[in-house]
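Next, two complexes with chain A in common: one pairs it with chain B, the other with chain C.
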Partner chain A sequence: MSSDTEYVTLVSADNHKFIVMKEVAQISSVIKSSQGFQEGETGKISLDMDGDILECIVEYLYYHYKYKDQAETGNIPEFNIPTHLALELLVKADFLDI
Partner chain B sequence: MIPAGNRRSKIRPPRKSLVSSSLESSTTDPTVDFEKSWSILSNAIVQIQNKSVSNLSYEQLYRKAYILVLRKYGGKLYENVATIITLHLLKRRDYLLTIYNEEEFMKATLVEWNEHLQSMKFISDVLMYLNRVYVKEHKKLLIYDLGIQLFKDNVIKYNDDQVGKRIVDTVIQEITKSRNGEVITTNMYITKLINMLELLVESGSGDIQFGENYYQSVFEPAFLASSETFFYKLSSEFASYNLGTKYIQSTSRFIKEEEGRINFYMPESMYPKLNELMNNIMIKDRIDDILALPYESQGLSYLLRPVVVNVVDGKNESYHIPDLKILYELIGRIDDEYDLLRLRLKEHIKQQGEELPQQVRSILEKANGDKKLNPALFAIKWIETVLKYHDEFLKIHEQAFDSNSSVSLTITYAMREFINAPPTNRKDANSVNGPELLSVYMDYHIKQSAKTAPSKDIESLDSRDYVDVFIERSIKFLRFIKDKDAFEAYYANHFAKRFLSSKSGSQIISSNNKMGIDIEELLLSKLGEEMGTTSLDKIIKMNKDIKLSKDITNDWKKLITQSTKKDLIELELKICNVNDWPKSMVKDYKAFSNDENNETSFIWSKQLRPTIREFEEFWFSGKKNDNKSLYWSPKFGSMDLRISYPSRTYEINLATYAGIIMLLFAPQSTNADGSLVSAFEENKELSYEEIKELTGIPEIDLKRHLQSIAVAPRSRLLIKNPMTKDVNNSDKFKLNEKFKSPSIKVKVLTVSAASSAAANSSGEKGSSKAKTEQEEEAEEVRSNIHEGRKLEVNAAIVRIMKSRQTIKHNELIEELIKQLSNRFQPSILLIKQRIEDLIEKEYLKRDDEETNIYHYIA
Partner chain C sequence: MSRRSRSSGVRGPNSALTEFLRNAGITDAYRQRREREANGEIVSEDTSVEPEGVNVNIEEAEEEVVAVEVVTRRSRSRRGVMAIPEQEEEEEDDEEIRQIKLAARRKRNARRGKNDNDNADEDEDEYDPEFSDFDDEIGTNGTKKFGEEDTCVDCGKEFHLTVYSRYLRDKKGYLCENCNEQLKDRERKARKNQLNARKKRRTLAQALLNKSEVRIPKLQDICIKKISANIDDVEALGDIGQVNLNKLSQILSKNRSLNDSTISLFLNPSLKSIEFWDCSNVDSDSLMKIASYCPYIESLTLFMCGQLHNDTLSYYNSHLKNLKELCLNGPFLISETAWQEFFEQSGSRLQKFEIRNTHRFSNDSLISLLENAGSKLISLKLSRLDGLDSAAVYDLIPHYISTSTLTHLEISYPHNEHLITDDLLINILAITGESLQSLNVDGCTNLTDNFLIDGISKFCPNLTHLSMKLLDQLTDKGFAQAFTEFSQVNNGGLLSVDLTKCIGLGDESVYALFKHSSHTLIELSLNSLNEISKDFLIQVFTNDLSEYKKSIKQSAQDDDQVVFYNHIRLPLLTTWDCGFVRAVDDEVLQLIGKNCPKLSVLEVYGNNRCTSRAVIAEGLMVIGRQNDSI
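Up next is the complex of A and B:
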């Protein structure tokens, strides 16, 4: 099983591939759950979203991963979201349960 | 903007953008077809249940469910999922019921359960969005929990708990097998099945409490009920052996195994319940019967028997430590305080203790043959036996009873009870007077240590040890005695006797005596530590008298060596203050005084009179003795006489009375050259009546002492005519020319009052009279004790009243018992009498209205 590998590939609807640390990707419980299925075997997860959105999401995942331990203190930089993507991101975040 | 800290943004997207975005993103049909999506999802669920998960694309399934939820198909989806799972489970249930082998059934059930859980996990993953949105909003069970519910309802409880009952029965069966000692192979299944049952939470309908699980609601009651039956059966089986040790051993072993079983199979919550059940049935309901089993059936009496055997017969049987230990542990399981054990122990100790006097007596009688039992020997043996008994019991206590402090208290209390047997039983051969016997014991040892000390100077260390040991034992025994006042009275009596009858004169004996006094002082200080010095007041004063007497003796010695008067005799003085010495000894102190115009007044020998006169002068000249009067008591003490018999000259030590009698036979006349004629030349013969007249010795004593010097074979200083055992009024006496003794020093032992009386019994009533003398003395000691108690109670009442002024009857009694209990056990009757007495004497009065209230009258 390739689920032991440390990276997963997230594929956007317009076929952009993002290779993300599994640990980071699994912040999304949807991605985490998918590991028991076919996606776990292929290491590839196709997502129904555009590349720019997915890019932003991956950025957020890393941002979240990096600062997760400091969340309590509040002493962390703000995460910038391109305004035009905001609404779309909101929907996708809900979808991925981030 | 999503704040960074808020990891899970639950913000629901605005409907408008949602529609547009999902329309945009959904590549196929814009109008969502529920049936189509559902058929994909239901297929996937079936595949999951068939364990072929890896062919499924999660993202697609998830998105299907997501969209259905967004489209408000959540409820329908939820119901469909429940239905499809139910159908699946019913099939699995049918499969389970085709298995007949119990072990296989257990195994298969677990397989089904685990697979169901696994598939439920995947299903719940797929339906995550349903969980997150629909379930939460409608407060339904999460999909996973729904799966467990469905398993419970459609597998376990379906058709009147068909599968559930079978699981419960099977598990109980297996555990019962294990209890019966069979090795079972289903250990892991049992544990896991029980875990499963615990997960099956009741949904909270009907009379079942919400949150209770199947284990609690079904398994536990069934298991406890079957356990109860089993325990009953087992304990009656154990009991049917009718053998105490076997019962406790088997029970203890079973309990240990059962504990292991419970901990292995059951959740923690079971332990206290089953443990209580087990303890109640197997220990609490039975143990008292087991303890009460007779000796042959090895009840407690059997377990404790070796103590008496070892102590009394000096054997070395091993104690039933392991069994006693088991017993202690078993009882500890049902009672932290060990009440039952302590109660029964107490009874047994009491019973065994009450046997001890008889046992000791019979051993001594065996050793002594037919001879009469020496009371002192009995006292010694009994006290040592009792102390040894205590020691042995403490061994058991330490080894078997975990040195439990409350048990040790019980042992002490139980021993106290038999040592302080109530006086009503005293006439009984098996009852003993603890305080008196302790005093006898101490008396014996004090005398004994005085005897051995000088002859073995090298071993003085040993004799030290001997003294220490016996003092230590005495004090130990004293702690068991409740009536300390009685002990004091007896001790005072013995103390006085020791002093008054101590014989001195020769150097050895006086050093001997000193040693004796040392012991007395040592003992006094120890007793003082133990009981407080105020209660020993009298004995301490007596001791002071003894010291004073010694000083005066020395002073007198100095005086006579300086004096010109030749006819003064050395005196060993014992001057006692009548107030402090036991009444039984000093009551008739005035009877012998010369100035009393008494018919039977005692006449001192003329050889002694100058000394007595001179000493009285000397004594009254002392500054301290201004207001005191001095009385002589010839019934105590002894004399040293040097008598020249034809065979040789002997130094004879004999009682004062006997000495006075002998002095009658001393030569009175002088030869022509002024020297004394030999007594044998004079060959005086005196009749009993003459002796009586010349000495004024009371008749009973006179006969006794005449027996000592004229009948007793080893000290026959006089010849009695006719030569008979008893002394009659018509007898005549003269010096025994043929008197012979192996050593120069002769000690005349005074015939005891009892045996003198026995010898005279043929003749007169004197017998009964003499016999009562000892009893009289005992009686007096007893009445002394009684009088002393009256005073103490009075004093205590006044003390209490003074501080309280007003008190209720019951409180007063309570307080009195509390205050007096370390001295003696006051009877309620005595207390009531004393209260009446004090009311009469107007120390207190009853309340005018409430008669049970007393007021103190200052």
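Up next is the complex of A and C:
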């Protein structure tokens, strides 16, 4: 957990890069556990998914980060996903355990 | 005016109270005189306008007097009977009424001060109970009128006093417009916060009822929601994995949106197992599709399958060549003959058979099942079958099942309690008890201690799940004895035990159960075991080395009345229903939290000594306390 870099880079299969706060990325237990390996040193995590999917996932991670303390009040905005990505996103979300 | 009108015989419109006061002969002449005497000064102005003053007085008193009208009425009746002369009567009059009149009079004086500028009618309109005190203040200070300059009590700025200016009681002055706006803003926010807090409480209470925690939805849940919303447009779900597919089908079942069009999305030739938990909107043609689309199915679970027809079953019969497991809930259209036919053809393949909620599954159907499949069955579940009404047929079960093959057995809620006897179950257990992992005899109310002592405790070394709801004939002693013996046979321990409404059980049985299975129990229901005492619960969850336990141990040796219970920990217990065990209170809740580290759901419905003040371990959800209500 204690690392010099506060940010990690998530790389999609078609080479889109998303620089994300480490704390945010670690909401996904899969990303969190990958830190112990080579990915932890380079700060780069390659994920087998397209850029648009990854974008959605990064958006969700920040959404989760932003609202996690307010969940109890029940008035957090809904997170919207594009319908045509729903199926693929479901598979990837399952993979990332988010 | 009243007096004058009486003389002329012409009266304008007046209120009920004015009428009443006039009829009762109440005027304020006397009070005014007394006041004059008391003050020792005569206000000439006052006397000159007196008649009008009386009227205003009465009308205003009316507005305030509503609450004490009863009092006034009472005094009227008194007056009617005794006919006391007016003045004496006034003296006796309630202090309250005098106060009201006094207030009204002060108000009138204040108003008269303003009347120099404004006309009287407007004054009448602007009267507002909320500002009732403000007139007093004005009266005493004799200060500002509307339209004049005033200093804001908050920011100290000069401003024009208007009818909309707000008077602050605690600061005894008006607010300027800006400060008023700010104050309004603050009030609005406070109200909003209050609403939010209420909403939050409601969501939490609601979530508690659903046994879920309020949290951010997982991305997967969001996706599934989206997919199920658009399910009709999605041509093929494609490669999303069987796990997600099952999840999706469960969600659709939960929303009751599994229907003829959506069901085909889940049918895939490679499937070996299908579970649909709510088929009420799926007609028999679509149910047939299951067999034509997925011919290799080995396990089929259809719940609420009221639309399953005879011909559908015979279609399954001829097409599903690999079917080994069949679980149906509510197939009430399937006739006896159809069952017979099905068992004769497919019976030899069947390993698991579960049927619930149909009155058409008759004695002959069970015989047919036993004859054709009995020896191979590893799981047999029969629940709420009102067509099975012969004890002799139930008695056949032990003759057909083979030794040590059944792992799951459920015979619950029989048509009437005499069908299932101790002997029947003892016979079954004698044959197959060794392999049995789960046993469910819910609602077989004829069962007694013998079934436990001569059945379970002798023949079931591998039992892990035991459910026996509503067995009210079990006794505390018998259960305790059975479980003490049981530990000789079964030293693995039970994982889940349901003793809901076995109302004969008490401290000893629960202690025996804990002694045997405390280290393995994951789910436990002691619902309605009202005999359990608080003393027992506290002892069991208190360390043996504590002073309290030592003293109990000491006194238990001297006195036969006192029982000593060892300390018990339930390291794996995650779900516990102790509803209507009245001995459970805040203190016990705290101890439970300490001794059940994994406990996440604890139900305490009906235990009204469990309050919001209880100290609850982190991660433990306590459901059913009165203060959690929505």
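Points worth noting:
Assume the second predicted complex is superposed on the first by the 95 of 98 C-alpha atoms of A that agree within 3 Å, B and C clash if a C-alpha of one lies under 4 Å from a C-alpha of the other, contacts with A are read in each partner's own complex, and residues count from 1 in each chain.
Here is the rule we use: a contact is a pair of C-beta atoms (placed from the backbone, for glycine too) under 8 Å apart; a residue touches a chain by one contact, two chains touch by 3 or more.
All values derive from a computational prediction rather than experimental measurement.
In the superposition on chain A, A:Ile98 makes contact with both chain B and chain C. Once the two structures are overlaid, the count of chain A residues touched is higher for B than for its counterpart among chain B and chain C.
When both complexes are overlaid on chain A, the residue A:His64 reaches chain B and chain C alike.
In the superposed model, A:Ser29 lies in contact with chain B only, and not with chain C.
Once the two complexes are overlaid on the shared chain, A:Asn75 sits against chain C while remaining clear of chain B. Legend: residue contacts after superposition of the two complexes on their common chain; A:Leu87 is shown touching both chain B and chain C. Contact with chain B, but none with chain C, is seen for A:Glu41 once the two complexes are overlaid on the shared chain. Within the superposed three-chain model, A:Met49 lies in touch with chain B and out of touch with chain C [touch as defined at top].
Looking at the shared chain after the overlay, A:Ile19 reaches neither chain B nor chain C. Looking at chain A, you'll find residues 60, 63-64, 67-68, 71, 74, 76, 79, 81, 86-87, 89-91, 93-94, 98 touch chain B in one structure and chain C in the other. Chain B makes touch with chain A in their complex at residues 1-2, 4-5, 7-14, 17-18, 21, 25-27, 53-59, 61-63, 66, 121-122, 125-126, 128-129, 132. Those residues of chain A lying in contact with chain B across their complex are 13, 27, 29-30, 33-34, 36-41, 45-49, 60, 63-64, 67-68, 71, 74, 76, 78-79, 81, 86-91, 93-95, 97-98. Looking at the complex, you find that chain A touches chain C at residues 57, 60, 63-64, 67-68, 71-76, 79, 81, 83, 86-87, 89-91, 93-94, 96, 98. Interface residues of chain C, counted against chain A in their complex, comprise 196, 199-200, 203-204, 214-220, 222-224, 226-227, 230, 233-234, 237-241, 243-244.
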